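Reading through the structure tokens given below for one structure.
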Amino acid sequence: MSQAFTKSMARNIFFGGATFFFLLLVALSFDTMQVLPKRDHRENITDAVARGKAVWEKNDCIGCHTLLGEGAYYAPELGNVYKRRGGEFVKAWIKSRPAEGTPGDRRQMPQFNLTDQELDDMVAFLKWTGEINTNNWPPNIEG
Amino acid sequence: MNTQSLTIDAHEPGTPPGDLAIWFFIFAELLAFGVFFGSYAFARAHHVELFNQSQQLLNRASGAINALVLITSSYFVVRAVAAIKQGLSRQCANWLGAAIALGGVFIVIKLFEFHAKFSAGISLSTNTFYMFYLSLTIFHFMHVILGMVILAFVMAKARSGGYSIEHHTGVETGASYWHMVDLVWVILFPLVYVIR
Amino acid sequence: MQYKSQAVAKPYFIAAIGLFVGQILFGLIMGLQYVVGDFLFPAIPFNVARMVHTNLLIVWLLFGFMGAAYYMIPEESESELFSPKLALTMFWIFLVAGALTIVGYLTVPYAALAKMTFNDLWPTMGREFLEQPLITKLGIVVVALAFLFNISMTILKGRKTSISLVLLLGLWGLAVFFLFSFYNPSNLVLDKYFWWWTVHLWVEGVWELILGSLLAFVLIKVTGVDREIIEKWLYMIIAMTLITGIIGTGHHYYWIGTPEYWQWFGSVFSALEPIPFFMMTVFAFNMVNRRRREHPNKAATLWALGTGVMAFLGAGVWGFLHTLAPVNFFTHGTQITAAHGHMAFYGAYVMVVLTIISYAMPMLRGRAANSAKAQVMEMWAFWIMTVSIVFITLFLTAAGILQVWLQRVSTTPMGFMATQDQVALFYWLREITGVMFLVGLVVYIASFFVAGETKEAA
Amino acid sequence: MNKPSQPRFVRPCTLIWLALVTLTGVTYTIGDAGLGGRNVMLLVLAITLLKSQMIAGYFMGLRKTSLLWRAIMGGYLIVVGGMIAIAYLMGIN
């Protein structure tokens, strides 16, 4: 008995289609991996940059800020903060947050008690991040 | 409403040959290719010079030969369907075999073309034209392979007498998919290789 | 309820709803912090509240999925669960581990939590949605494996249906792609690239298989439409989901350092992503219209139809709004993303879990459906929550459009904080609708306690 | 619809195949001559749509289906062809 629309055909399309497009994703990812070194400048990932990323993660900065547009949308984009504000400003800002906050409606940033070493590492990480080729995103310096 | 209406015995008049499910898939695929064709055309509008220059470096002859190969292969598949409609399983399988062989020819020619491009250092990131050229042709290339796999299954079943005059939806289903692969190349070839 | 072991689903569903309440409460805290910056500071800084909000969402949805699987699989396989005891043990392990993690977030600074859990040995923390300490992540893997073992064994010994096959594929996929959360290179671009293999391939990939099979199961039960037809639809929908969604991953690869061609691949394929959601809506309405029985549980039917519509709106339409690269260039990382996230998660995953709970809970409590009074209340809850989320989405979209305009499009762009002050009105409106959502949730929970006894036993 | 026993000297599908091959040759020749411009583009596009319609109608068998199916395929070809033409004309300006 031939059927106009069979379940087994629908199933074959599902399995075939899923496999096909997953392979395509793998192939494209393979190409991306070849191209990435030219775009992320990984030769500039020093120990300080790597440590800075760890500091970034250990304090859950992504819980308020965006980095290259990903994260929370509560506080400014930091992918280009090195260009916008400079390293010294970033360090002074992080250091000067009052532990008890500032009363009022202004959004609060916690005092993370970072060491000078950690601050330097963080800035190195943000500087390197700012040099990634992001296809000219964000549209302007305000992020 | 009669829920059994989708499981009728004979082919419903007015619907395309083969399993209806494959037609949803065919149109979904055509839609994806269509959006890609449109993207190519509009990207070209912004970089006419670049596209015209880069297009000159393509191997137009191999593109045209491949068009002929796929058209002929599609024709063989039509003959395969005609054969099984007369109950000629062996002939059907032979025509399908010939179609698959031509698919293989397409693959080989395409591989030579890709090899030439890759060894010239061209990649997806070379420029917008090559991004599209490689994306479109590789995407289509993978469809040719998938189509050959489908036809191979159909051929194996035909050879073992799995289809008959009354029951040959499977052949028509595979045939429809293969014609879609052909159709895409018929549009892709002039768009990418010829129009300037 | 046809099989005794289906009862293990009950604690999973109860825990899911409990954690759902927690998620909403923390959502309200964050919403308020958007406009009253020092609210609960420094006790609960925003990043902590957000972590709790998002992690609770993920965990309660996982509880919902597991509960759904424990309820569905015995009925689909026509056999008792392989090991109800294992299922209950895993329930308590998962609940306690989850609770401890949340307590950890709330009581010690995140950096201290990282230190306590030896994050330095194998850093995986501090990435969006994957903030859990390593030990919790490993716990999730263990629980997931035990769960999958239990479910797979049940299916293997019983009847194998397409619905259970799809559900199983989805759940295995969930476990497999979670493994990418253990990969955290110091190269941020690589980190982000594969982070999406967990996040995107979950919510726009394998989770949709789970979504589809849950919806299909409930539709078979409440409409009585032939299983063959429903399963055909299911396969076509999830086929389209993966065909568009897998390469659709590319819409996250526009601005994070990945090559430019992703803008084309991402745009083309994610522009097609609404198709499966549209099919799902058509599917749900079509099946309900062809129903061959009048199931007494009207509320479950309403949830099922709602899932179709809201998933299409939230994931499909609101996703499409900002998925094309030229648009996304301006909207990336703004409140537009937040708007899409809220409606998509509610419409697709929250609603499908509430659908299966709505269908299964009365059965688990020994009746085919709740009393008319309880159902009316549940439907009120449906409308209050759904309308609230629509308005939350609209307000966030408005805030996002204004934000994009002032901060990104304008020739004299405003700074981030200054822009936020300009859109404060919309955040207030969002917070008010958020409170409405909570009211809806309270009504929903109350519906479980209202006159449940008056209906016939199953 | 199916008249398997009717012997014909040349099958319709063979004629279609010949037409497709010929038209492909024409397209190639135009490309090889390096011709370009609006009119050439429109000619090549017209040939392409004609070929596509032949494949859809005779090979895929849509010719014998209901109006809906033919409309979907015809509409698709018109939209794709139209997009290509519009984009090309945009590029001239």
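In order of appearance the chains are A, B, C and D, and numbering begins at 1 in each one.
Going forward, contacts are C-beta pairs under 8 Å (C-beta built on N, C-alpha and C of every residue); 3 or more make two chains touch, one makes a residue touch a chain.
Note that the coordinates shown come from a computational prediction; the quantities given were computed from them, not determined experimentally.
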If you tally C-beta contacts per chain pair, the winner is A-C
Chain centres from averaged Cα atoms put chain A and chain D apart, in whole Å, by 48
Chain B and chain C have mean C-alpha positions lying a whole-number Å distance apart equal to 38
Chain centres from averaged Cα atoms put chain B and chain D apart, in whole Å, by 15
Taking each chain's mean CA coordinate, chain A and chain C are separated, in whole Å, by 23
So chain D residues touching two or more other chains come to none
Expected list for chain C, residues touching two or more other chains, is 228, 232, 236, 239, 243, 259-261, 265
Each of the following residues of chain A touches two or more other chains, namely 5-6, 10, 13, 17, 20, 24, 31, 35
Among line, ring, star, complete and other, the chain touch graph is other
Pairwise, the chains that touch are A-B, A-C, B-C, B-D
In the complex, chain A touches chain C at residues 5-7, 10-11, 13-14, 17-18, 20-22, 24-25, 28-29, 31-32, 35-36, 39-40, 42, 45, 49-50, 53-54, 56-64, 66-77, 99-108, 110-112, 125, 128-129, 132-135, 137-143
Residue set of chain A touching chain B in the complex reads 1-6, 9-10, 13, 16-17, 20, 23-24, 27, 31, 34-35
The answer for chain B against chain D in the complex is residues 13-17, 23, 27, 30-31, 34, 37-38, 41-42, 44-46, 48, 52, 60-61, 64, 67-68, 71-72, 74-75, 77-79, 82, 85-86, 172, 176, 179-180, 182-183, 186-187, 189-191, 193-196
Per the touch rule, the chain C residues reaching chain B in their complex are 225-226, 228-229, 232, 236, 239-240, 243, 259-261, 264-265, 267-269, 271-272, 275, 290, 292
Contacts from chain C onto chain A in the complex sit at residues 30, 33-38, 41-42, 45-48, 50-51, 109-111, 114-115, 119-120, 123, 125-128, 131, 162, 184, 186-193, 228, 231-232, 235-236, 238-239, 242-243, 246-247, 249-250, 253-263, 265, 329-330, 332-335, 337-338, 407-409, 413-417, 420
